[in-house]
Amino acid sequence: MICSFNNDYSEGAHPSILQAMLESNLEQNDGYGLDAHSERARASILRELDRTDADIHFIPGGTQTNLLAIAAALRPHQAVVCAQTGHINVHETGAIEATGHKVLGMESPDGKLTPALIQAALDRHTDEHMVQPKMVYVSNSTEVGTQYTKAELEALSRFCRLHSLYLFLDGARLGSALTSPDNDLTMADLARLTDLFYIGGTKNGALFGEALVILHPDLKPDFRFLIKQRGAMMAKGWLLGLQFEHLFQNGLFYALAAHANEMAARLRAGITACGYPFRWESATNQLFPILPNPVMEALAEDFLFSTQEIVDQDHTCVRLVTSWATKPEYVEAFLEALKKLA
Amino acid sequence: MICSFNNDYSEGAHPSILQAMLESNLEQNDGYGLDAHSERARASILRELDRTDADIHFIPGGTQTNLLAIAAALRPHQAVVCAQTGHINVHETGAIEATGHKVLGMESPDGKLTPALIQAALDRHTDEHMVQPKMVYVSNSTEVGTQYTKAELEALSRFCRLHSLYLFLDGARLGSALTSPDNDLTMADLARLTDLFYIGGTKNGALFGEALVILHPDLKPDFRFLIKQRGAMMAKGWLLGLQFEHLFQNGLFYALAAHANEMAARLRAGITACGYPFRWESATNQLFPILPNPVMEALAEDFLFSTQEIVDQDHTCVRLVTSWATKPEYVEAFLEALKKLA
Amino acid sequence: MICSFNNDYSEGAHPSILQAMLESNLEQNDGYGLDAHSERARASILRELDRTDADIHFIPGGTQTNLLAIAAALRPHQAVVCAQTGHINVHETGAIEATGHKVLGMESPDGKLTPALIQAALDRHTDEHMVQPKMVYVSNSTEVGTQYTKAELEALSRFCRLHSLYLFLDGARLGSALTSPDNDLTMADLARLTDLFYIGGTKNGALFGEALVILHPDLKPDFRFLIKQRGAMMAKGWLLGLQFEHLFQNGLFYALAAHANEMAARLRAGITACGYPFRWESATNQLFPILPNPVMEALAEDFLFSTQEIVDQDHTCVRLVTSWATKPEYVEAFLEALKKLA
Amino acid sequence: MICSFNNDYSEGAHPSILQAMLESNLEQNDGYGLDAHSERARASILRELDRTDADIHFIPGGTQTNLLAIAAALRPHQAVVCAQTGHINVHETGAIEATGHKVLGMESPDGKLTPALIQAALDRHTDEHMVQPKMVYVSNSTEVGTQYTKAELEALSRFCRLHSLYLFLDGARLGSALTSPDNDLTMADLARLTDLFYIGGTKNGALFGEALVILHPDLKPDFRFLIKQRGAMMAKGWLLGLQFEHLFQNGLFYALAAHANEMAARLRAGITACGYPFRWESATNQLFPILPNPVMEALAEDFLFSTQEIVDQDHTCVRLVTSWATKPEYVEAFLEALKKLA
């Protein structure tokens, strides 16, 4: 194998983060996120958000963050609406249902929700014999590489507030969305438009860790109890704080994501040049080209990637993911191989 | 209002059942289903099943029975497959999810599952990042009035056993299914083909109560603990036993259901004669005619029924339900009114 | 066997209730508690409470009512405090834990809670590594036959309000408490002092059913969703309404309970006359005499009752329960047998 | 502050572990624990256990490991028995109850369980109205610094097997227990005597991570589904494998724990020499001396430690914890300060 485009968490952390970890290794820190690193990281993120009133919690992983955010917000009879392809609906082994809540997955052509799709969910759930939709879950970028514009997120936000629905944005790949050439959103916009969202570290250069930002005052009380109960409160919580402290110094978070996007853009250009179409349009770090099966199989000898879906008996949609650690020579090698197969 | 076709639980119990309750009222019985009436009712049902090895529990209501059966059978990561229209997927306020399990609703044209639909669910759930389908839920008759043939249920049973899936049949309206002219199934067939199923009393002449029949040996142990934990173990459990004892004396269970079907058949014939089509074919006690809106509205002045779905801007699919208590004169009045409106 | 003192739910319903059920049997009623009987029963209970602002829901059984009330009020990290002997802590097969909440059972000499005992629970739960006590559960009368005075309940209420704890009173045997000679509480007091409580029907002459009264405005919204989700919403909900309608006509509820207490008082006097002590003082319908084992064994040949605990190798504490249906001749027979054994 | 004896997770990781992380940082590894490091770590641990048939999963934290192990093993109505002081009973914010299971905490003088205490739990839970004890949870070393001898663990194991109870050992501080001078247990003994147990990394030199060892064949199937569902499956799972790979090379795991114990032994000797008693006997890395309040307060100016319980109005039991990172000069400084205060 030459290299992997299998996902954006195949390597460890950006070296400067590991270095910071090494340097602080023998410090004695307070546990459970009550340390100075976490405090400084929170201050940095608040500056990004241009806010002083958000609660910020650092959580080791994405599934934990999703289940915490959702289970904290909903009463037992309430449900969360998402796209059919939403991570919580498909790829978390029923983590949300395990907290007692139904996930209402709506068919969507591009992995995004719209007010119309949410309205359809509301229309179907009208009385106490059915669950009550109370939260909307979106991801940016989405599971199929697409992303929300500011106008789209504003429309969702307006709709949710009108209907007393919490708006939760899963930002596992938020870095890639915010640094995409198609993006017109800022962190401050997210803080303004959502009730809670998270900033993904695991897929953007941290060893692990997500920063959950809680805006809505009803969702803030006692959140640390919930973190502890779900086993998501790290004993050495400063390891999370320290990483986010570092990611938000000198714009490292954005630089790493921009690199991933740039590598994806080169891949996209090369694949397009070879004449292959894409299943979804994406200006982020996930690409979904449709390849003839023999081409896919030949590439699989040297490169690692996953299959997304079977298109027809001769073609398969594959998923290619770039990251902060993707080297330009990986991209070149891939495109060269592709050209030879064309 | 002349009368209600709104559902099959608008009246109390068949008078002979109430009479039996009255006669035994001052007996002192052991509580929690450990009484002689329940014992005799179990024996009667075992005779119907032509089995000696089934465990039978009497549960006050259908939602309880469904959640008990499903939560008892599944480990935390496992899911239940059903038709999109399945009662557990739509009309139980997330009762199954509240026990921690995902419900996988499959689009089905007629409210029934097929091996192909279950296979599709299996195909989409392939590894530990997704829930594991482990149980199949069907209802007979279904939520849209359709019913399974013996060949269909045999195919489902074979498929489930091949794939180590539990097959659970919701029989809230089992009486109507088994006495329908289209039926070729027996109680003994159900015991042979499913792993557990229930016989609905609430919608067929009992005050309340469902008889859950457990066939699969893995699902039997400790079931009474589960009943108690979910609040489904009646203190005066003999009230359940006494009703089923009575329903399975002299075929009362079947007679009541046959009456409901007969009333529905007359309605169906009359509606057809007026030229109105049906959304789903049904030979059971639920009918889904598509009516012009003015006709529907005029009927609603004298008769109670529910709307199922909007077909187009001029037509609505309504739901008419008959029961053991539906009087022939109700049916005649309805058809007469319909004829006048034609 | 001559008769049973095993519990207060060995017989059916008071005959006049069954009669009312019979008379209304063929009425067509709206389902799910939205019927005229339930409406009238609610109005009657509101009059008892001297309130217009309480929400009242009729629930088939006690365990359901307890788990609904508790799970509706608590967020995931919150716990309920009760006496070690509390029904929810011992006799509901973990029903509360099955909804996700810890039950904090406090040692109590008489089955009652005090502000000091609750304070002890608060003192032990001080940060986010521990559950957060948020509700207090008491029963009146208690599981060991004792009962709260108005002064005691006022002290609890004051303490709970001061510490933002919900106060929930399980009234499965509320009739017996309120008609006991030691009682100085009224229904209106309960409405004034608790946040929610229930009025037990099952153990006081109904076939089944408990009336849950919700006072605290935060606990009212969407409660019907929760009832449905837990399988506690009866299809033929008017059966519950009709029974409570009847119980609160002409004071039947109180008359039935007073009879049970009177029967217990006679038993208590006779047992005391024979020189046997009681494990707990009780002026309600449950008695806990301590008997020499040979006496207990001889009585068990003719009477049904349960053993509560082994006192020493020669003595056992047994539980005797009277009810609305206990006949004076049962009591006489028991006391006569006891005297002969003395 | 000179230094902290507050816990054994105040520093990062042993430097050689961080070094290994740094060296492998840019490797491309398969995610979710399916990598070569995890594979090698499993092989190393199997060698320690002298077994080939154990399943080993690496989990980020202790609360997660506890809730996974318990929720995987129990059916909904089953409970886990532990000492009243057990971590799962007190310090995990109801994490076990949040998975639906009751924790039965038994009063124990020394934080350990015995067959007699478990028998007492069984005696109290006799029918379907109560939860069913099915698992026994012990920790070694315990929350109060005590530890099990081989004879004690063999007695527990025999009792559990006789009564079909799973025996689960929480080894968050297993290193300290196994390297204590009082220890006569080996890893292989644990594998022979328990059904599942875990080897704590977080408190013994790893950045984070626990190795869960599953011995009982009934507990093995589908465990990875459960890990994922609870949010405990790290994307970069090799970070866990790499740490355990390293801990079990050249006996590092034992050397680090032995150092912690040696530091505690010196503290204990010095405190004893000053004439202060201990609340519990401990030969592990947690000490519970009882100090006069003025002494405690003076020490608290320079040293960080926690208070365990108030003994009387003049004395407090405090908790001192040493770790792999405790420097001998910390111990000397503490003892010197103590001597001056004597």
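So that you can tell them apart, the chains are marked A, B, C and D in the order they are listed, and the count of residues begins at 1 in each.
Just so we're on the same page, a residue touches a chain if its C-beta (ideal position, glycine included) is under 8 Å from a C-beta of that chain, and two chains touch if they have at least 3 such contacts.
All figures in this text were calculated on a predicted structure; none of them were measured in a lab.
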Centre-to-centre on C-alpha atoms, which chain is most distant from chain D? B
Note: of the two pairs A-C and A-D, more contacts are counted for A-D
So the centre of each chain is just the mean of its C-alpha atoms; given that, what is the distance between chain A and chain B in Å? 42
Express in whole angstrom the distance between the two chain centres, defined as the mean CA positions of chain A and chain D. 34
CA centroids of chain A and chain C: separation to the nearest Å works out as 50
Two or more other chains are touched by the chain C residues 76-77, 92-94, 98-100, 128-129, 131, 225, 228-229, 233
In the complex, go through chain B and note every residue touching chain A. 76-77, 79, 90-94, 97-103, 128-131
Per the contact definition, I'd like the list of chain C residues that touch chain B in the complex. 3-4, 6-7, 9-13, 15, 18, 21-22, 24-31, 60-64, 66-67, 92-95, 98, 202-203, 207-208, 225, 228-236, 239, 304, 325
Looking at the complex, which residues from chain C come into contact with chain A? 71-72, 75-77, 99-100, 128-129, 131-132, 222, 224-229, 233
